[in-house]
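Written below as structure tokens is the structure these notes are about.
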Amino acid sequence: MSKRFRNILTPLIALLLGIIVGTIIMVATGYNAADAFGALWGGAFGSSYYFGEVIRQVTPYILAGLAVAFAFRVGLFNIGVEGQFIVGWLASVWVGLAFHLPKIIHLPLAILASIVAGALWAYIPGLLKARFRVHEVIVTIMMNYIALHFSNYIIQHVITNGKERTPNIPDSASLASPWLQSLTQFSRLHWGIVLAVICCFIMWFLLEKTTRGFELRAVGYNQDAAHYAGMSVNKNIILSMVISGAFAGLAGAMEGLGTFGYIAMKSSFTGVGFNGIAVALLGANSAIGVFFAAILFGALEVGALNMPLQAGVPNELVDIIIALIVFFVASSYIIRWFLERISKKEAK
Amino acid sequence: ACGKATDNTKNNTTGGNKGNTFSVGMVTDVGGIDDKSFNQSAWKGLQEFGKDNNMQKGKGGYDYLQSQSDADYATNLNTLSRQGFSLVYGIGFMMQNDVDKIAKQQPKSHFAIIDAEVKEPNVASVLFKENEGSFLAGIAAGMTTKSNKIGFIGGMESAVIERFEAGFVAGVKAANPNATVDIQYAASFTDAAKGQAIASRMYSSGDDVIFAAAGATGNGLFKEARDRKSKNPDQAIWAIGVDSDQSPEGVVTAGGKQTNVVITSSMKRVDNAVKDLSTKAKNGNFPGGKTTTYGLAEDGVGLAPINPDITNKADIEKAVSDWSGKIKSGSLKVPATRAELKTFSAK
Amino acid sequence: MEYVIEMLNIRKEFGGFVANDNITLQVKKGEIHALLGENGAGKSTLMNVLFGLYQPEQGEIRVKGKSVKISNPNIANELGIGMVHQHFMLVDKFTVTENIILGKEITSGGRINLKKAEKEVREISERYGLAVDPQAKISEISVGMQQRVEILKTLYRGAEILIFDEPSAVLTPQEIIELMQIMKTLIKEGKSIILITHKLKEIMEVADRCTVIRKGKGIGTVNISETNPNELANLMVGREVVFKTEKIAANPKQDVLDVKDLVVKDARGVTVVDGLDLSVRAGEIVGIAGVDGNGQSELIEAITGLRKAESGSIKVNGKELLGFSPRKITESGVGHIPQDRHKHGLVLNYPIAENMVLQTYYKKPFSKSGILNFKEIYSKAKKLITEFDVRTPSEYTLARALSGGNQQKAIIGREVDRNPDLLIAAQPTRGLDVGAIEFIHKRLIEQRDHGKAVLLVSFELDEVMNVSDRIAVIYEGKIVAVVNPRETTEQELGLLMAGSNRKEAGEGTHV
Amino acid sequence: MSLMQVLMIIIPSTLLWAAPLVFTALGGVFSERSGVVNIGLEGLMWVGAFTSIVFNLTFVHTFGDATPWVSLFVAMIAGAIFSILHAVASITFRADHTVSGVAINLLASGLTLFLVKFIYNKGETDIIQKGFNKIDIPVLKDIPFFGKVFFQNTYWVSYLAIIVAIIAWYIIYKTPFGLRLRSVGEHPMAADTMGINVTKMRYLGVIISGALGGIGGGVYAEAISSNFSHATISGQGFMALAAMIFGKWHPLGAMGAALFFGFAQSISIIGSSLPFLKTIPSVYLLVAPYVLTILALTGFIGRAEAPKADGVHYIKGSR
């Protein structure tokens, strides 16, 4: 077994193990596993509609995953993606509603607003980390709540007059595409996926190919050495949070300008930001890994919606399977260890 | 599996009620069908409707889908309509936009939306006069309070909760002009801890009746009320429930005997509305494009039975029935907003 | 003759790589037995096997003649084997006492009885002459004291056989003298010692016998009384080694580094560089001699911009650099071989190649308008790897995977290649074997001969005396004397470093 | 309102709000002091909340008034058992601790909600009849002023939380176990050379954190929410994580931080009825607890340093 083959095989085995344990749970609790997986598959890829919905769901996950992964690469744990996502969503809708402009200006402007908002929201924990060494985990958790309450307030008292949600944004600021929708039987697939894929590329290129990325990674690995080498550790910490927040904010625009076209008050968090953590970690904090992890996540989640109706299986089961897959991927050391033993035996 | 699923949807995308089997499905928000609130009530109505019409749970009969996030509403609504359900409910104003869009895309399918209006010919909109039910709750509160201080805990500020608030305050004023209402919003429908903290503050500052229109946040109110009651059985403190009859949440053992701290609940009979609307649809009278408002007169809102532990239970029941009469007859218009409340006078 | 320890035909592999290949080591009771070998020869591995940290694939261990199986450090402890590790095994945040009693706590009623423990620590420390403050935190005491704590840990556990893995690599000359004394005391108390060191002088001074290993294989055991340093070195490396670094006389020119009245505070806010003056001229090597903690580290950090100076002036080629960022200082022609290669010198998770451009990645040809040019980076790395004899599988290998000596060579290659006017080398040969040391000294002198200014900081008096053209003695944050290495003695330097003034110290001429 | 009245409202509500966080944050302290990062605290609370409610509902007739306590004990056991998953993954299988923690969170919420559906055939449980009730602490309640403010209308679990925090401090700082636990989190190799079983200590650290996280969830469920649903545990685990860091990985610090959060929340709730705060938009009061926390961190608390080997695998023989 070649090393590369083993590297590809490992996550696949983790996936398989997750499915196997999921099956065991279903059998043990008296559900029909075959039906359940059939329904899961059908609900994700059974028709172009569902396929479109999967991609739609994948879009913000990619960006939220990139946001978490990017900060991680620079040694920071951004639990605040959720909050940055919310302010990005809010900003995109706000700009979408506030102006009447031709699409060619309006849409980019609204997207830009989300990026700036997310970046600014992440700038605060970045700055506090750099200036005062305040732990970013606490600050970002707090910033999540602040984002939640402020966005609710702004929706209700600034953008609207006491309403729970904003009006729909005009077409000129929308990512929605009648063409994509018609391709997928009226799914909510929108152009955001293109942006998300571009962002994967940007993250990869920025980190791996540019001098800036060289600095960011160096700071992530060894701040002292980075300082010695003449890099500004503080600047790079702030920058990494800002870029991370920008991705997260853009993820918000995917909802604001794409999926929903408005923003509503929220009683609690959306969960996109927290799923972003899982996506990033599942994807080993690399751009390509995040891309595939988001697809897995999105497909499982959208597919799961079909399970109660088609197979009578609670869709929480999918959360269990996702969790198990994350577990097994995380524990891939042990899988690798097994594979190595097997290949050694083969060699003998 | 792939091919099979595609076939399914192809056959069913036309949707609508062409065959003679009528089926009905609903999509809940994240709360699910036992949120002790309107999802639960809606599901109850659907089940009763199913039973009355010898339908089975599942495809071709009646069923529901629970959403895991706001993004799932559209997918779920679509799924149900694609699976051939003759009528698909969106439960909650949050689904307004999605119902609107999907109704346009699938003009032959029938949809209904609860708590919001969608002006499409294939959508029936259902609104409730929550203010009328909570007006009666206000009457009960105003007649129960000894301290003349009453609390109102709102979930998140919204038009629906504002109707609860305005109606409640109007009811209190009508029954007891000396009473004041202490209003606080928790900014959440899910935060029991906050509900409890607010309730604690209210009881501590002398409020003896508290009404929570706040979803699961209200759990905190009942917890606080039960705790206080069991600690101090002589203390006369009360809570009022919302949406469904929440009296089970008020049961508490105090001073060795079982009692209940819930006076009554301001009920929102989504079940009645769902049954009513489903029956109409089944009989071919689907009120597409129309908004039906269910109030006291239509049995769409109401008051749960008054707690027998209340000493002046009979008086309250009498007052409630008097006021209901006035409301049903149209001689009393219960305020639905704070603005309307300002000019309201109960004569 | 009675052997306390016998390791017979030990073989230890790391995933196919044979670190110990059929090595035999026999230690007599009451002796100091030296273990000698190049970096990576397998000394630490062998000792870790003895201490129960590794399990050998093959071979037998006997303690006092009895065959034993040492499957974990607990068993080693019970057998009376204690080890002072090459990299200290101390918990920074704990006190001296806590570190010593860890795992064998003194309790009363389930609670650690610190008072009693401290008393016990004090008793042992007095008995063996190992002065420590039982209540001090490890992070606040000197390296020398940390080592004494390490020794106390083994004694506290009643060790009869002590393993010292490169104990002197991190010590100052004074501390080394103390350590030798301590070892002699321990022998007198009936202990046996296995000593690993790269310093032949130490072996000659204290050891009774010496076992030499080379590339994982045992070469043999010799009696110290019957050998000399040259023979030992030749045994170890397998070729002739030159000790006294050959160099022509210096030809110094203009001042390159000119430090005036520098004041620097350390992390705790104590003034540790206190009005220091120093100059280094083009074409000379100035060595800084001093006892650790007299401001050497802070001086270098201030010159290289890693630490803010309070006041004074630092000029390089006449340009004031005080308060400049490390980047600006690097660009003004300063190269720096840092004292701690893992902390500052390398990004261990970067490939060697990327470490080679750690300060120059943003410049042509390694990048253009912000985009890295990997082709250039890797071809540069390849060139440096050959030129500086960095032993690595490839330029793609992570720096982490290289041995310390090779990591050091990579850093030196990088710094020298940038062609700085001033090269600062802090402890450039710490922990390296004689072969590697020889190589590095040659490179420093080569720089000097190319007309560069070199500032060398080292706790090794040998090194300072051999390599420098002038020696500046630092004491309490000031340069207290500048002497010519050819006209001074170790004794004189030692006294100067201890704070006595020149007159008392002797006659050395002023340079 | 008089100051006394204000305090009589704020203090008990602070204590109640903080109680689940204190337990859970202490759990975090044990785990991270042993060197295992635990962002799975939220998941452990899910498990604790779920088991305590299910047990309480099922056995209320068997155990009577002792039910909440027995249920809490069961929640503790369940949390401990569940946390073994995290221990196995992050210690034995060398999973990244954060990834494993995320998996714990996902798994806990998925599994408990799935089980609720499986057991009750609905999405959330009924209300428990016997939860933790308000009490006055005997004797102490009669202390002038303090008695009224601190020891009336409060909950046993709040005081238990404080007592457990003190016990945790004692264990971590005064006993051989604590010394070993900390050594393993700071420098596992050093501990290993001293004959301490690093793996065992880390397992214990994680399992204790599971037990305490389970208690935290159980306390929330039985003292506050009274039932179990998808909304019962929503972010408390992350707040506990914040409290742990805020408290610099110190048991008493974590307790103090949790109390601070509770205090800030209570202030924001009572704020709307204080005359001078009545006029400002409610959003400022809503975010006040979070803003205060950030300010406190920036202004007074500053740098917090995790145990040195927190999140670092100990692999024998590596350096």
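Side notes on the structure shown:
First chain written, first letter: the chains are A, B, C and D, and each begins at residue 1.
The rule is simple: contacts are C-beta pairs under 8 Å (C-beta built on N, C-alpha and C of every residue); 3 or more make two chains touch, one makes a residue touch a chain.
Just so we're on the same page, UniProt names per chain: A, D = Simple sugar transport system permease protein; C = Simple sugar transport system ATP-binding protein.
What you see is a predicted model; the values in this text were computed from it and never measured.
Greatest Cα centroid separation from subunit B: this falls to C. Note: centroid distance subunit B to subunit D, computed from Cα atoms, is 34 Å. Centre-to-centre spacing of subunit A and subunit C amounts to 47 Å, using the average Cα coordinate of each chain.
The centroid of the Cα atoms in subunit A and the matching centroid in subunit D are 28 Å apart.
Counting partners per residue, subunit A has 149, 152, 268 as the residues that reach two or more other chains. Residue positions of subunit B touching 2 or more other chains: 66, 187, 190-191. Pairwise, the chains that make contact are A-B, A-C, A-D, B-D, C-D.
By the touch criterion stated above, subunit D contacts subunit B in their complex at residues 1, 5, 8-9, 12-13, 16-17, 122-124, 126-127, 129, 131, 133-136, 153, 220, 223-227, 229-232, 234, 265-266, 269-270, 272-273, 282, 286.
Listed in rising order, the residues of subunit D touching subunit C in the complex are 170, 174-176, 179-180, 182-183, 186-187, 189-196, 308, 316-317, 319.
Across the complex, subunit A is touched by residues 1-2, 4-6, 8-10, 13, 58-59, 63, 65-72, 74-76, 78-80, 82-83, 93-94, 97, 102, 105-106, 155-159, 162, 187-191, 215 of subunit B. Interface of subunit C with subunit D (complex): residues 14, 48, 51, 53-54, 72-74, 77, 83, 85, 87, 89-94, 98-99, 101-105, 107, 110-112, 153. The residues of subunit A lying in touch with subunit C in their complex are 209-214, 217-218, 221-222, 224-232.
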